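Each in structure tokens, the structures are laid out below.
Look for chain A in each of the two complexes below; its partner is chain B in the first and chain C in the second.
So, the complex of A and B:
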């Protein structure tokens, strides 16, 4: 009878980007069971948010996460606007989409390059990161920062684009797209990538439904719950994102979903800039926020992000609560990991695009 | 289509709950998406609601807890094919039945309000701590807590000492 060996990984480990403690039971080479312990970066940000006023919370929410930083203030302002019953101008809504889709491209490409790194294909990783640098340049040129773009504000956006800036974004996207096509082809067809991702970390459709997973993790298993399509917000009802879905539920499927979303995001940015309506970018400098409660949702790069806000007529929220996509996707690792080889654990872990800092807040 | 689904959900709720035990209203947000707001007067009815959501193939998105005067209030946010069902339940005895046996997607969020607010949870299949260490009391959100302690000792050497001591425990078990 073979012996079961316990291997601890984390909470601080060179193979992990963020602190999490895995306890893995292996028999021979394959994983029998996995246990996960969280809570190493719980910082009580929800409590902090209730001590800050509505404008200070714009700054705070943007810092909950780094790769989906834009989605937090985006969803938060939608909740505030709902309570105040203010709908921003169409121009502001389109500009919100532009900022969000740029962020999605950058986030997905970062995750995909990490996949290349984990399967040991380092030239592919550097190539992906190099192409992603174009998106980072766009962010830096238009919003003045490579990570936190500070694009959203109450009742509108903080930035506007003129013709020169639109031309610049379109020019850079034209540079990016052929590179994306070329790299995508490698991820889809290269032998090494396929050998390490196909049939690895399978999340069956039924489990994806049962666990309520979101984002590319759900869509890789055939569950369509893209908030941009199911409950459109901002300008997504007019821009119509494509339904992107894969059925196999393995790491390869999730990779394919992310790449196809990168392509669709590029299309959406172009479409939004082409149809950009005229008008103000912000409606009121200091809107009155009455007492009330609201829930708003958006599709962050990793999946559904939800904000619940309750106000009592004062300058600070009475209660603010949010849930990030990784919070739901986490439990799916218990389904994906057992039965695979130990060397695949990091690849599978990366395939849900985990963000621990924002999960624990 | 969404309108038909909304009507079906509301009809199902009316069928399964007693007439005087709830308030229901539905609204459109600024972008035309449907949200249903339901207030339950009997906390046990949440189990019926969870079953309805399961029957429609829905999921639990999140549960928000907050303190109102001397008791806690829970707001369940449940999703049925893009329609958001928000269910408010006031907990006068600080106790609630777990919906995790019905909707697995509620697992984490129930454990979170249990440890953050100290709400008693009945029949949860896995009532382990989620984020906070066992040594930290439940209901911590209302208290002052130093960062190093909240981070499970990650900023000091205490966490390493704990892991080291538990490692040997594991070896003995084998």
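So, the complex of A and C:
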């Protein structure tokens, strides 16, 4: 007769990257049931956003999450521009895509190195982080900060690139690409990584549809819902990102999706810099924002990010709310975790690329 | 596994990748967003930076004839909003990232710029005049007439500009 043991993991645990509380029922070595409790990093940013004006919110939304810090202001400015009916120049849209894709490469590589850390392959983790450092150098040299790039502003972007800076980005990407190819090969074919990720944390196609998961979590289960392709925004209708899908729905296929997206993002950065149109980068530094409401969405590294904004003609938003990808993705943990070993819980949790700080804000 | 062995051997030959900072050189990009530099001769104390600063690190206060522009680094998040929205270009972010300070220095760790008021040569009232970089944005060709009008206070300038039309 087997006995069910209850094991708590978190909210502050060495195996978890972010605070979330798992209540796990195990029988023998396999997990029978899992319950998740959240609310440990609530900072009240939604209320704070209503106390700050539109220009302060450019920075506040960036501070919601560090790894998708470019997507939050990006989606926010799209919502404001929709209300004010402003169309930024082509050059500004292309530069927004460049900033976004650079962030996507850095975010995916961070998550993948965390995967290597959790499966116990630490040399691979340091190597991935070392390759990611090239992207961090690009961010620091072009935007001035390693994480918060402060690239977007209302009606355009805050930065402009000249010939020298374009050459610098391309030079560093040339350095990065062979390293990515090399490390990617280790992730795809290494025995240790494969043993810990293949067939672990399976999310079947039907469940992925039922739970409405987004981003690489959905694409790893064969659900194609890339906002960049389904509802192109900024310059994505011209740049055309590749459709990247894996069918198996386990941690391994989500890893594969992320690596292939890194490769595709590098291609998109090159393409955007090559076809960079001429023109102004910002139309009007401080535009008038009329009363109105708007919804905008974009593809963050973790999935679909939706912003709702309501204004009343004043300098501050009347209501701002956002739905982040992790909110949709973490319900899928209830499907992924049961049936796996206790040691795999952290690996599976990491595979949805959780961002608890933007979910609870 | 052989794939990783190749990387490991190459890394051994390459040596350490970390910089021996502060004993040696390190990578500091030109555009790094660090401490502010406020040029008091260009600033007009308009208060735009105070309005757009998301963390409330910038504070402008009038003391007698001088506007004191204070940036408190323990609140500053180095976002660069002030630099971007500054209409005159008086605020520039330098690439000085040395922001470690002791607890005693907490309230002294600031950048201060003093913008003094000028006296109007006609009526003697004190005011902050518009600076050249600001005027350059509004007028494509700046002649001596505009430069002379800049020295006057708003009231006297109105008068002078109006009289110019009818004389």
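A few comments on the model shown:
Quick note on the criterion: the second predicted complex is superposed on the first by the 361 of 361 C-alpha atoms of A that agree within 3 Å, B and C clash if a C-alpha of one lies under 4 Å from a C-alpha of the other, contacts with A are read in each partner's own complex, and residues count from 1 in each chain.
By our rule, a residue touches a chain if its C-beta (ideal position, glycine included) is under 8 Å from a C-beta of that chain, and two chains touch if they have at least 3 such contacts.
Because the structure is predicted, anything quoted here is derived from the model rather than measured.
On the superposed chain A, the positions of chain B and chain C stay apart, so the two partners fit side by side.
In the superposed model, A:286 makes contact with chain C only, not with chain B. When chain B and chain C are set side by side, the one touching more residues of chain A is B. Of the two partner chains placed by superposition, only chain B is touched by A:81; chain C is not. When the two structures are aligned on the shared chain, A:56 is found in touch with chain C, with no touch to chain B. This overlay, made by fitting chain A, leaves chain B and chain C with a least C-alpha separation of 18 Å. The residues of chain A lying in touch with chain B in their complex are 3-4, 6, 8, 11-12, 19, 38-44, 46-47, 78, 81-82, 85, 87, 209-212, 225, 227, 230-234, 237, 293-297, 304, 306, 308, 310, 318-319, 321, 323, 327-328, 330-331, 360. Here chain B touches chain A in the complex through residues 29-33, 35, 57, 59-62, 64-66, 75, 77, 79, 81-84, 86, 103-105, 107-109, 129-133, 141, 145, 147, 150-152, 154, 159, 163, 167, 170, 174, going by the rule given at the top. Looking at the complex, you find that chain C touches chain A at residues 1, 3-4, 6-8, 11, 17, 27, 29-33, 51-55, 77-81, 84-85, 93.
Of all residues in chain A, those touching chain C in their complex are 52-53, 55-60, 62-63, 123-124, 127, 130, 133, 137, 140-145, 148, 150, 153, 158, 182-183, 185-186, 189-191, 285-286.
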